[in-house]
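Presented sequentially are two complexes of chain A, the first with chain B as partner and the second with chain C.
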Partner chain A sequence: MAFIEVTDPISLVKSIILIICAILVILGGIGILRYKDDLERVMYARIHILGIADMACILALLVLGEFLLAAAYFILAPFNAHAISNAYYYGEEKN
Partner chain B sequence: MDLLLISEYILIVALAIFSLATIRITTRKTTAMGLVGLSGLSIAVATILILFKNIYGLAFSGDIALALIVLGPVGTIAFSKVLRGGG
Partner chain C sequence: MFIKRIFYAVAYFAVLIFEITKATLDVAGRSINGKVEPFIMEIETELKRPVSQTILANSITLTPGTLSIDLDSENQVLKVAIIYPRTKEEVIPFEPYIKGMLE
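What follows is the complex of A and B.
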């Protein structure tokens, strides 16, 4: 009896995609922490890295069968990122 | 043990680590950095809740995740409008 069982090819593909999402999320976590705060325009870099982690989570939601949630967040995430960078530019960077 | 279950557990651990990183970012100095951290945290927690729903069959965590995924960005956009200021 093998320790790891693979019931069918579909769950094998799902597992591979979930593991790829886990790797992307970990890289996203490392990425947003590694930049120093005094780096110029570090905010926009972190928003970009956050976008990668967002897309990994959307991919995971699709694999887990939550299509409504994935579609909702796929639409909202760009507005989210743009609103934050717009607010940072006009609210904090230009002053 | 089923490979799909193992990969779901791996994703939960990765999302937990990412959540700690986003909480760490939230404490940095600018207000907008707090927004970045919290928007990352809301999607990470929502995905963890969906994984709990799949693994343990907790139906209510799917509803909480839906609320988080919809209200998280809406709140962030509203706060960004305030942070942006006049004009």
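What follows is the complex of A and C.
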């Protein structure tokens, strides 16, 4: 039964896009763990790299057919990144 | 003109999705090869309405690699964190479309 589904071209394309999403999430995880605290302003670099995971999640939700969830994520994802960076910028010690 | 604004809205979404795709691949590459240099710059916009300034800040944050920290609505200045030093036009390529759509 699984072989019949894989030979269907639409589900083949969907599977390829989901694999691309998984690779993007793995790259984001590597990027977050890679940079240590000695880099200057490393907090922003981590938030930038987490943006990849957001985009992969939106792509995966679109492929899985959850269009409303994808739209809500597309609108709401910048808010928390902005909140974290704003709090970090103004809470940081002035040097 | 109302139809012109709809045209600008469609063009804005096309440019936004293209830029997001490009920036996602760029940042994914940077997380592998380690060419990261976080940097904060101030960008002056031409947009006057708070709605369009908010949409511009949201688009900047939605693009991986750029992140809006603060918005000064009266002086029209955005504070943006960038993963690698770039010029202003590469950070906000969608500003003329927002201007045509909402101003």
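Convention: the second predicted complex is superposed on the first by the 86 of 95 C-alpha atoms of A that agree within 3 Å, B and C clash if a C-alpha of one lies under 4 Å from a C-alpha of the other, contacts with A are read in each partner's own complex, and residues count from 1 in each chain.
Rule of thumb we're sticking to: a residue touches a chain if its C-beta (ideal position, glycine included) is under 8 Å from a C-beta of that chain, and two chains touch if they have at least 3 such contacts.
None of the values given here were measured: they were computed from a predicted structure.
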Which of chain B and chain C A:I30 touches, first, second, both or neither: both
Touched partner set for A:L39, first chain B, second chain C, both or neither: second
First (chain B), second (chain C), both or neither touched by A:I47: both
Partner chain in contact with A:A60 - chain B first, chain C second, else both or neither: first
Partner chain(s) touched by A:C21 [first = chain B, second = chain C, both, neither]: first
Which partner, chain B or chain C, touches more chain A residues: B
Touched partner set for A:A83, first chain B, second chain C, both or neither: first
Chain A positions touched by chain B in one structure and by chain C in the second: 28, 30, 32, 47, 54, 77, 85-86
In the complex, chain B residues that touch chain A: 1-4, 6-8, 10-11, 13-15, 17-18, 20-22, 24-25, 28-33, 35-36, 39-40, 43-44, 46-47, 50-51, 54, 62, 65-66, 69-70, 72-74, 76-77, 79-81, 83-85, 87
Residue numbers on chain C that touch chain A, as the complex places them: 20, 24, 27-28, 30-32, 34, 36, 38-40, 57-58, 61-70, 79, 81, 83
Complex contact set, residues of chain A against chain C: 24, 27-28, 30-32, 34-35, 39-42, 44-45, 47-49, 51-52, 54-55, 74-75, 77-78, 81-82, 85-86, 89
Contact set on chain A toward chain B in their complex: 3-7, 11-12, 14-16, 18-19, 21-23, 25-26, 28-30, 32-33, 37, 43, 46-47, 50, 53-54, 57, 60-61, 64-66, 68-69, 72-73, 76-77, 79-80, 83-88, 90-92
